[in-house]
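Several structures are given next for inspection.
After this come two complexes, each holding chain A, first together with chain B and then together with chain C.
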Partner chain A sequence: MTNASPDTLTGMPRVEVAGRPEALAKWARHAEALVIPGGALLAGLAVFSVFLQVLGKSPLAFFQAIYLGGLGSAFSLDNALTHASPLLLTALCVALPARLGLVIIGGEGALVLGGLAAASVALPLQGQPYLIVLCAMAAAGVLAGGLWIGMVGALRYYRGVNETIASLLMAYIGIALMNQLIEGPLRDPASLNKPSTYPIGQAYRIASIPGTQVHWGLVVGILACLCSWVLMERTTWGFAARVAGGNVRAAQIQGLPVGKLIMAFTFIAGACAGLAGMIEVAAVQGNANASLASGYGYTGILVAFLARQNPLAIIPVAFMLGAIDASGSLLQRHMGLPDATVEVLQGILFITILFSDTFYGRIKWLNPDLWARAQP
Partner chain B sequence: MSAPSAIGLWGVPLAMIGGAVRVSTPYIFVALGETITERSGRINLGQEGTLVFGAMIGYGVAIMTGSAWLGVAAACVCGGGFGLFHGWICSYPKVNDIAIGIAMMQLGVGLAIFFGKPFIQPAAPHLPAIPLGWWSAVPQIRVALDVNALFILGLALALFLNWAFRNTRYGLMLRVVGDSADAARAIGLNPDRLRLYATAIGGAMAGIGGAYLSLYYPGSWNEGISSGQGLMAVALVIFARWNPLGCFFAALLFGGAGALGAALQSVGVTQGYYLFYAAPYVLTLIIMIATSSRSHSLIGAPGELSITK
Partner chain C sequence: MMQIQQLQRALALETIGMSKNFGALQALADVSIKVAPGSFHALLGENGAGKSTLVKCIMGFYVPTSGAILLDGIEADLGTPARAAALGLGMVYQHFTLVPSLTGAENLVISRADVGAIIDWREETRRLDAFMATMPFEVPLNVPTGQLAAGQKQKLEILKQLYLGRRLLILDEPTSVLTPDEARSVLGLLRQMTRMGDLTVLMISHKFHEVTAFADEVSVLRKGSFVGSGRTAALTPAQMAAMMIGDARLAVMDHRASVAAGAEPALLVQGVTAPDKTGLKTISIAHVAVKPGEIVGIAGIAGNGQKEFLEILAGQREMSSGSICVHGAAYHATRLEARQRHVRFIPEEPLHNACAPKMTVAENLALRIFDTNAKGEKRVWLNQTRLTSHARRLVEDFNVKTTSLASPINTLSGGNVQRATLARELTGEVDLLIVANPCFGLDFSAVAEIRARIMAARNAGTAVLLVSEDLDELFELSDRILVMSGGEIVFETPIAAADVATIGAHMAGHH
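Up next, the complex of A and B:
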């Protein structure tokens, strides 16, 4: 898998470039990591504007609607943040294994099962103290999601099963499993039109952050991103994972526990998505139902790729896509555009961002390695 | 269907055979197309998006022109377009074909839903079925043996590709490019261009598979028309070891698994609908686990294929 960003092995000493101060070279490398995705983002928006223009819709009005729906008022800002909250966690489900060179795209399944596990654990614990129930729900979500994606990691390591296809199949299976359970054994007979589990109870819901309509799950998501960044950039495990992601053979020769790394990172990844499901249940839905499978897992893939699998970059990107998600209904009402417009925009952005991979190291003023060659 | 009727439980295998033939056709087309693409050394996970877009455009064109076959043609052309786009982007260095496939999946589905909104209500003309069960008086047998022309075309294509990979100049060129880009360059072939064509043909075939979905079985366009068939077909190619005839039989097997839920429902078993619905995914996963190997690359795998490296 050649997803390696230019700084995959930043620990490597770089050759000093003749005639230029090292600081400048360092800045150029940093700039490259910002300029190329930024340029790809703008290019994607430009392509999308052309698409709208061809259809006779005003791109300006579109972006205005996104601004209004995602950022314009306190209400829409809250809405955007609420949408961003699960994206932070589902993006981690993609970004963490990506450092090992694994492309996992089945976060949706882990999210759904995490939510379902959390909702079913809350039922027998009715009447227990708030914190105990909440922790039990979180643990159930983490465990369910972690085992689900961890299984994909195990299949990859022990059987060489392609993790991309396996994880997506597991997502379909997970969603089917949830549908079966909420229509059958776990169904609340009171839920007529929309099969759901029994409600977890008003007393056990996750509250809003004071002064906003956003639930505390947002803070959990941001903390998870920060912790993941520390794990990746500041610990031996993170370093070992990046080495294994760069070259498995080399990692094995170095004696790194590649199997354990794969299992641990896929478990953590699934745990993040499972936690997202638990938060959706405890903060937004109040029970587990089919609305859990509303695409957060898939949007999370895009967030992770836009953020170039960097946990810190996930935070702003998740907010941006949360805002776009949140303005979907406004687009429908104000511009008569179908809600799939957001999906088209996301698809275009996804492609331009992946296409931009080809420019790394090839733009001269951003790549110090090319400066020396130009000089006689 | 109310009563389990005259033939009783025999209805289950019969409905499954009929269902296998009906459900398998899109798998056959996507899998054969993907075989061509993967034999050239590239993988296109975007087949799922192409399938859905093909279903939409096929249905839309069939409504507007009144001809189901024109719909199939339109889906074929659009699918080819998607394939060309995938092949073109992936011909640039450092671009990951798997990731681009995921993005194309999202874009294809998004575009299909975007443009498909007006086509959800109206009914399009269906592709005609060939009644191979004319000799029987039992209605279940007649239903099971109503075979679509595209299924027969799929079988013919599988046979043709099986022959062509071995015996034609283009088949050999494709295999060289798929096994070693360096060897291909050494004998003067352009890997990127051949892969571009191979991906385009693969996309065109996925488009036909999509048109079958909306124009024959299930026979209407809606947003959830494909539930991962395009993707399962990619896994199926691995299971079939990149062999076109293997793809055909694997597709029948998948079709049978997909028809299991409906077949049981037809004799009155309604429990566990969602679990039977998940049967093809479970089957795919089991097959992948059974046929993959940790230590060596798969037998028959094209050497340049990133998914098996």
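Up next, the complex of A and C:
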């Protein structure tokens, strides 16, 4: 597309699109993916400010508190990053199937079961070398999460069951399963107020990145996002998945293995969420308990949609929502706002982001395909 | 003279300087047409010429940017569809608007605007009978309309408009779902009613033979502007076509090369049966063979199993029994088999069935080759450079007009999407091409070009199976025509002996 020879097909020099430089067209296409979600974000914050005004609180103070709680100090930055770490992975659980045209919102279930599986595997391996136990835990988390969401993919492909409803309902089952097991067969009798599994042992915990309070799970999450991007954009499998997501009839007529793609990508998606559960157990909780189901799976949906299902964009978005999450307690203390205020903010953002989807391709200066139609 | 004017029910319609802009796009520019009362007027034009926009302005669906409409010489305010209906304007669409589970009588009565919450059926039936007695034709009113044949449904649609007291009917390609016989019968009736002065008809059509046979006058639009009108008796189809396309040059089709007589069939379908989409009926294809260098056309009215047959050939519908062979070996339409045996499939409406609409032109052009290298070996990493150069070559070879290779393919016009799809499927070695309604909804120049491409592929030795609802297309391209009806091949004829009437009768199931 950078060739400057005359273009026989449109009669225009190839470096131009509708009389403007091709580079500008390319830039416009990229800018669209930033401007529209950015605008939606601002609109959402504006709506939320009105909500705060109605409550008699100052929006300015609110955003200041979020800044302090999420970014203001080394401590709050660490806190925000710690919150962002599972979001990177649960967002992938939404974003990867979304490129295949599947709306999966049950990452919470895969996360919880991944954490539970990891904790269960650690117990019989006590005394084994650190790396072996860690790998076994990761494998257990990946497998549990992958099979759980893979099941949703199988229901979708073989039985035509709606994957959105199935994944959501299976998340409830997954959480109930965990509660059942940690209050029953897997319960550590020493955990009195908060039913938990036996601790995996201090020796097998995931450490912090040197010089910070953030565990290595953050790096794992970022790597997973990078790998997912390469998978989607640079491999033929990702291309085939995007074709199937773009139009499943076209994919079938081309003989692409739609069933296999659905199974593989739902498995990978679930595996990401399961890995997030394993990391929560190994780095934060130290055992599997009800705190695993604290909403990372659901916030991940918001992250994925804000990032427009782009694995690279998930990284900054997860950090932003991690910061909002992290500042929840500060809001409570400083402004007398309930914890749920953060959820109201997230809900409003979600609605504005979904609404902003209708603007793609319609804003003229961001869409080179409309430039040519300028002259009547 | 005055007396006659008052007795005449048919409305006169005139548009004066109608313009309609959609943002920067001018869909209609200063169009003035005149439809005499009691005339059968045809509105001709290519896709995108502004016919639908004009008609929607008349029917009150659009508010014109400027211009006026005169009914019987008086300026009428047709701001809303309800106003237009109240003034006696009615519209019949290409597809049916009847409720299939209700009877004809029920459909007629509920379509009235003044029908109350409680319907006195005895009274309504009495009034319907009285109304039917004044009509020149009959349609069974006591059967659910879903059970009627297409021609009868279309007659019922017209009956509905008359029952509602409409005096000017606009018909949007009313015969596209009818057999030639049904089309003649429906249009004949309309013509008869215009002759009696009960009705004025304005018909949008693509089919010159219909226009010549039934319309009194014709108006032609091109690119949103009025280019001329005249009495059909004074115009030849060639003159009308020239008005429609202006000075655009059409692609010239190759002469038909002769088929090698003894060649083994490239495609052989034997004894294939499968349930149709409702699961209630069976598709049963006893024998279809297509030789290299031959176009076999399959005619039939939509919904007679062609779609299912194509799905079977594309490997998307399981067969209950039978076999499909390509070059003598069983064929299951997998990606590998299609690649190795050079089988290509172009479904109808390619944007919806053969492209990923939001992916780019370059990506869509790569659907067949993205997972291999130049030697045809499987690859894991996507080769962007190869994709782009492949796309650029195809776009140039097939003259696809696009703003850039990075544009989403759904920003292209229908003709260019079809060109892009043909480019993708006809590049390289093609032994068997299966193609459905390739020219549906395209303009003249695109149609001529695409048919020429298919003919060129045939002459280069490709076996072509062409499934089409357009008889003209089948006659133009096919070497043999098969007719499909009720899920079976019911008739076969070489093109030299093909006769529209016989084919039409078989399409309608009279065999």
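Simple rule for what comes next: the second predicted complex is superposed on the first by the 358 of 376 C-alpha atoms of A that agree within 3 Å, B and C clash if a C-alpha of one lies under 4 Å from a C-alpha of the other, contacts with A are read in each partner's own complex, and residues count from 1 in each chain.
The rule is short, and it goes like this: a residue touches a chain if its C-beta (ideal position, glycine included) is under 8 Å from a C-beta of that chain, and two chains touch if they have at least 3 such contacts.
Source: prediction; values computed, not measured.
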Combined model on chain A where chain B meets chain C, clash or fit: fit
Which superposed partner A:Q53 touches (first chain B, second chain C, both, neither): neither
Partner chain(s) touched by A:P368 [first = chain B, second = chain C, both, neither]: second
First, second, both or neither for A:A25, with chain B first and chain C second: second
Touching partner for A:R234 - first (chain B), second (chain C), both, neither: second
Partner chain in contact with A:Q254 - chain B first, chain C second, else both or neither: second
Which of chain B and chain C A:T212 touches, first, second, both or neither: neither
First (chain B), second (chain C), both or neither touched by A:V161: first
After the two structures are overlaid on chain A, angle v-u-w for chain B, chain A, chain C in degrees (C-alpha centres, nearest 10): 70
Partner chain in contact with A:I173 - chain B first, chain C second, else both or neither: first
Closest Cα approach, chain C to chain B, once both complexes are overlaid on chain A (Å): 6
Where chain A meets both chain C and chain B, residue numbers: 1
Chain C-facing residues of chain A, complex: 1, 8-10, 17-18, 22, 25-26, 29, 233-240, 242-243, 245-247, 249-257, 361, 368-369, 371-376
Touching residues (chain side chain C, partner chain A) in the complex: 24-26, 314-316, 333-338, 345, 347, 352-359, 363, 366-368, 370-371, 379-382, 388, 395-396, 399-408, 411
Parts of chain B lying in touch with chain A, wherever the complex brings them together: 45, 89, 92-96, 98-100, 102-104, 106-111, 113-114, 117, 227-228, 231-232, 234-235, 238, 272-275, 277-278, 281-282, 284-285, 288-289, 292-295, 306-308
Residue ranges of chain A in contact with chain B within the complex: 1-3, 103, 105, 155, 157-162, 164-166, 168-170, 172-173, 176-177, 179-180, 183-184, 298, 301-302, 305, 338, 340-341, 343-344, 346-348, 350-351, 354-355, 357-358, 360
